[in-house]
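So, here come the structures, one by one.
Across the two complexes that follow, chain A remains constant while its partner is chain B and subsequently chain C.
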Partner chain A sequence: MNGHVVSRKVYYFIFAALMVLLILTISMAYFDLGPFNVIIALVIAIIKATLVILYFMHVRYGSRVTWVFVSAGFFWLIIMFTLTMSDFVTRFSF
Partner chain B sequence: MANEHSSHYVAHQFDDLEQQKEAGTLGMWTFLATEILFFGGMFMAYFVYRFSYPDAFAAASHYMDILLGGINTGVLLVSSLTMALAVHAAQEGKRKQIILFLIITMVFGVTFLVIKGFEYHHKYVEHLVPGWNFEYKGPNAGKAEIYFILYFVMTGFHALHLIIGIGVLSVIAMMTARGNFTKEYYSPVEVSGLYWHFIDIVWIFLYPLLYLIHVHK
Partner chain C sequence: MEASESTDHVNYLNNGYGVKSWLLTTDHKRIAILYLISITIFFMIGGFFALVIRLTLLSPEGTLVSADTYNKMFTMHGITMIFFFLIPSIPAVFGNFLVPMMIGARDLAFPKINLLSWYVYIVGGMFTLTAMVMGGVDTGWTFYTPFSSGYSHTNVVPTVIGVFILGFSSILTGLNFIVTIHKMRAPGLTWFRLPLFIWAHYATSVIQILGTPVIAITLALVGFERIAGVGIFDPNIGGDPILFQHLFWFYSHPAVYIMVLPAMGVVSEVVTCFSRRKLFGYRQMAFASMAIAVFGFLVWGHHMFVSGQSVYAGMAFSALSFLVAIPSAVKVFNWTATLYKGTIRFQTPVLYAFGFIGLFTIGGLTGIVLATLPVDVHVHDTYFVIAHFHYIMVGGAVMGYMAALHFWWPKMTGKLYSEGWSKLAALILFVGFNLTFFPQFILGYLGMPRRYHIYPPEFQVLNVLSTAGASILGLGYIIPFFYLMWSLRKGKTAGDNPWNAKGLEWLTSSPPPTFNFEKTPIVNEEAYAYTDGVFEEDVAGG
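And then the complex of A and B:
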């Protein structure tokens, strides 16, 4: 019944990538890029989270139904953000 | 059921170990979906106030210790690696390695909490704890207070999750020592690992959003 056994090398490689992205996100914060600072920080964070989910949490090797369950969690998060922000950004004063 | 040995681990409502493992994984992901929305609500509040009061948030974030926060991010990333290695050891049925990696993971978790404790103490000394000890020197004190409320609530709930995670891993380590798991049956180790990695993911977002708002001047 053993699930997909990933080589340890994969874990070391993903860990190295996560550390590189951590250093990247800190260094990018030292540049003044206006509104792009937060966008870059979020994109890097999403890439890091995706690496953790796919490899450390084994979702990449999971069944279809696992994919559905994982996606559902983020799908509802996106609904919350979209509906709230669509209200918030279309107001003139807060 | 493959054989009598593995059937010992299958609860009566499942056909076989594989189905049982799948159900356990899906159960944890269902719980994590509620956790995503739990933290998501706080992130939502953060974004609304950050975009409403960008200057106050930028000024308030200067009180954060980027170095300590960065070290803590690294600490959690290492703990995620050792957690993944613990699950890997479980897949290979190496009991001593599972326990060793679980202990290392918990030590890193405690390290994170100790560093966080120093940061909290520093905020207390600087009078930056809303509702208890808050004297903000600078413009927009009220708006900065919202930043610090979000900081303490979000990092506080994150720390609470980490404390629960350490508790879960210590139970798993004891179960491993008692010989509850085999190469065929190690689902609790893997499912606890999912929870631990989730805590890491929350911090991956908290660090840039709370510490790195306005590093450049």
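And then the complex of A and C:
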């Protein structure tokens, strides 16, 4: 869209990175790390999503307005989680 | 402002008459007309359901339809009116038609995506209509779980698929508007020279893009739980029903602002034109539109005060909800200040705009009442709520839609409608609306719950008044249909600018040529550069 051409090498490299992360996700499922199970799974997922957004969706080469909109999406996600959790974590039984 | 007069008599309406020329068009103006026809059909369908509801409530025993049928009627009334009429109404019709013209562009940024949005809307509509024909759905338009995901025996899945598909139509429209407004403004048209209609549509588009994916995936999860039995919302299989309400209202409260923000944009255009005044506090009005879009996402929990949400969250949402009153009040005060000492011409579009200001104020103030946690516990799920949101959605959004329809009809069609009939219809609509919904405030305060087809006999007088009002309201919608159709055949030629309005859309011919402007206009003045109190010429039909 903005005319930036990404080389095939970059795409192959990102694809390979995603595959490695996928193997890592599956491998981690065989270890019981207690509360860290979810944390590690989420960290790997966030890295994967970031790679897709930055390279496959070309956001890294996008204009500042694109960055503002991408950030807004995540900011809104934080709003949704924070206010929803404000209910879940304060549901005490009297 | 400078722009060339169009000498080309070929316009967007007469440059092709075949079915293909309409169904494969990428002209934003033709797509707007396609939307206008489609949403009018859905409005009639939704109106039919409203008719059955009001006729049933004429008698306390609910003799017209059974309890189950009544459940389906109010559900399908809500789904049709909200998802298939109100949300696309002003953006998809007038936004589509006017956003490129108001910023001096030839079309939207992505014309094919624009056409795709209409097809997506139609496919979504077909799913939902099929569900209705197959026997309907009875969950309420809110699809609350676990009833919708496990217990209802009606057509929940095709309906939520329809609404899911429809959401993409809304996202595509919002995406198109944002890119167009960022990238395609005419030379000299800076952000703070934009008409407020454009600011309103920008704010609306932001909500559409950030909110709609959430409702789409939430409804998909309802279908998923219903079909596959995966425990997401049903507590029997490990889900949390209140999670559904959080996700549903995360979109559906801001959706109210998708309906009302564009109407506010229309009112700003109409009020300035018919009072010949610059808008009071332009920048505050622009920022207020954006503030409503942002604050709208912080308040959804006020729908859940008695749902089992924690009291602390309820208190937080109650306090946050009051925030929305600030930018809304800025708008109402600024329109009033604009009108102050203006030379007001009481023509049809401004009558509807006045209707908007008054009725939106009542709807907004009763919203504050409902956002107050302890008061809401008393009136929650009563007719007080029904009256409140109809004052916002019908008194606000539909009045804005009617103002837009009458203000830009001469531009869209090149024809003038009957001023006498249109003023009469505006008056009938205003009277009918208030007679329908004001008694519902009283009914709700006295304790009549919503969504019941029977009620104690002492509520009958107010219900009969409401039904009588609905008949008048219906007449108020039918009359414009006839005189607008009449104007297409017999109406006087409108000319390029019958209201002597400012704004780029009035510089081109009526109806506009396919690419709007022969030469790109150059803007060198602020929005609403009216000379106080001066009508350059006598306005149409005045």
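Brief remarks follow.
As a convention for this text, the second predicted complex is superposed on the first by the 89 of 94 C-alpha atoms of A that agree within 3 Å, B and C clash if a C-alpha of one lies under 4 Å from a C-alpha of the other, contacts with A are read in each partner's own complex, and residues count from 1 in each chain.
Please note the rule applied: a residue touches a chain if its C-beta (ideal position, glycine included) is under 8 Å from a C-beta of that chain, and two chains touch if they have at least 3 such contacts.
For clarity, every value in this text was computed on a predicted model and none was experimentally measured.
After superposition on chain A, the partners chain B and chain C collide with one another. When the two structures are aligned on the shared chain, A:39 is found in touch with neither chain B nor chain C.
In the superposed model, A:8 lies in contact with chain B only, and not with chain C. Number of chain A residues touched is higher for B, counting chain B against chain C.
Of the two partner chains placed by the overlay, only chain B lies in contact with A:19; chain C stays clear of it. Contacts of A:84 after superposition on the shared chain: both chain B and chain C are touched.
In the superposition on chain A, contact is made by A:76 with both chain B and chain C.
In the superposed pair of complexes, A:58 makes contact with chain B only, with no contact to chain C. Chain B runs into chain C after superposition on chain A, and of the options 24-32, 78-86 or 222-230 the stretch responsible is 222-230.
Applying the stated touch rule to the two superposed structures, the overlap between the chain B and chain C interfaces on chain A comprises residues 65, 69, 72-73, 76, 80, 84, 88. Within the complex formed with chain B, the residues of chain A that make contact are 1-3, 5-6, 8, 11-12, 14-15, 18-19, 22, 25-26, 29-32, 37-38, 41-42, 44-45, 48-49, 52-53, 55-58, 62-63, 65-66, 69-70, 72-74, 76-77, 80-81, 84-85, 88-89, 94. Chain A makes touch with chain C in their complex at residues 65, 69, 72-73, 76, 79-80, 83-84, 86-88, 90-92.
Residue ranges of chain B in contact with chain A, taken from their complex: 2, 6, 16-18, 21-22, 25-26, 29-30, 32-33, 36-37, 40-41, 44, 47-48, 51-52, 66, 70, 73-74, 77-78, 80-81, 83-85, 87-88, 91-92, 183-184, 190, 193-194, 197, 200-201, 204-205, 207-209, 212-213, 215-216. The part of chain C that touches chain A in the complex is made up of residues 178, 182, 206, 209-210, 214, 242-243, 246-247, 250, 297-298, 300-301, 304, 309-313, 316-317.
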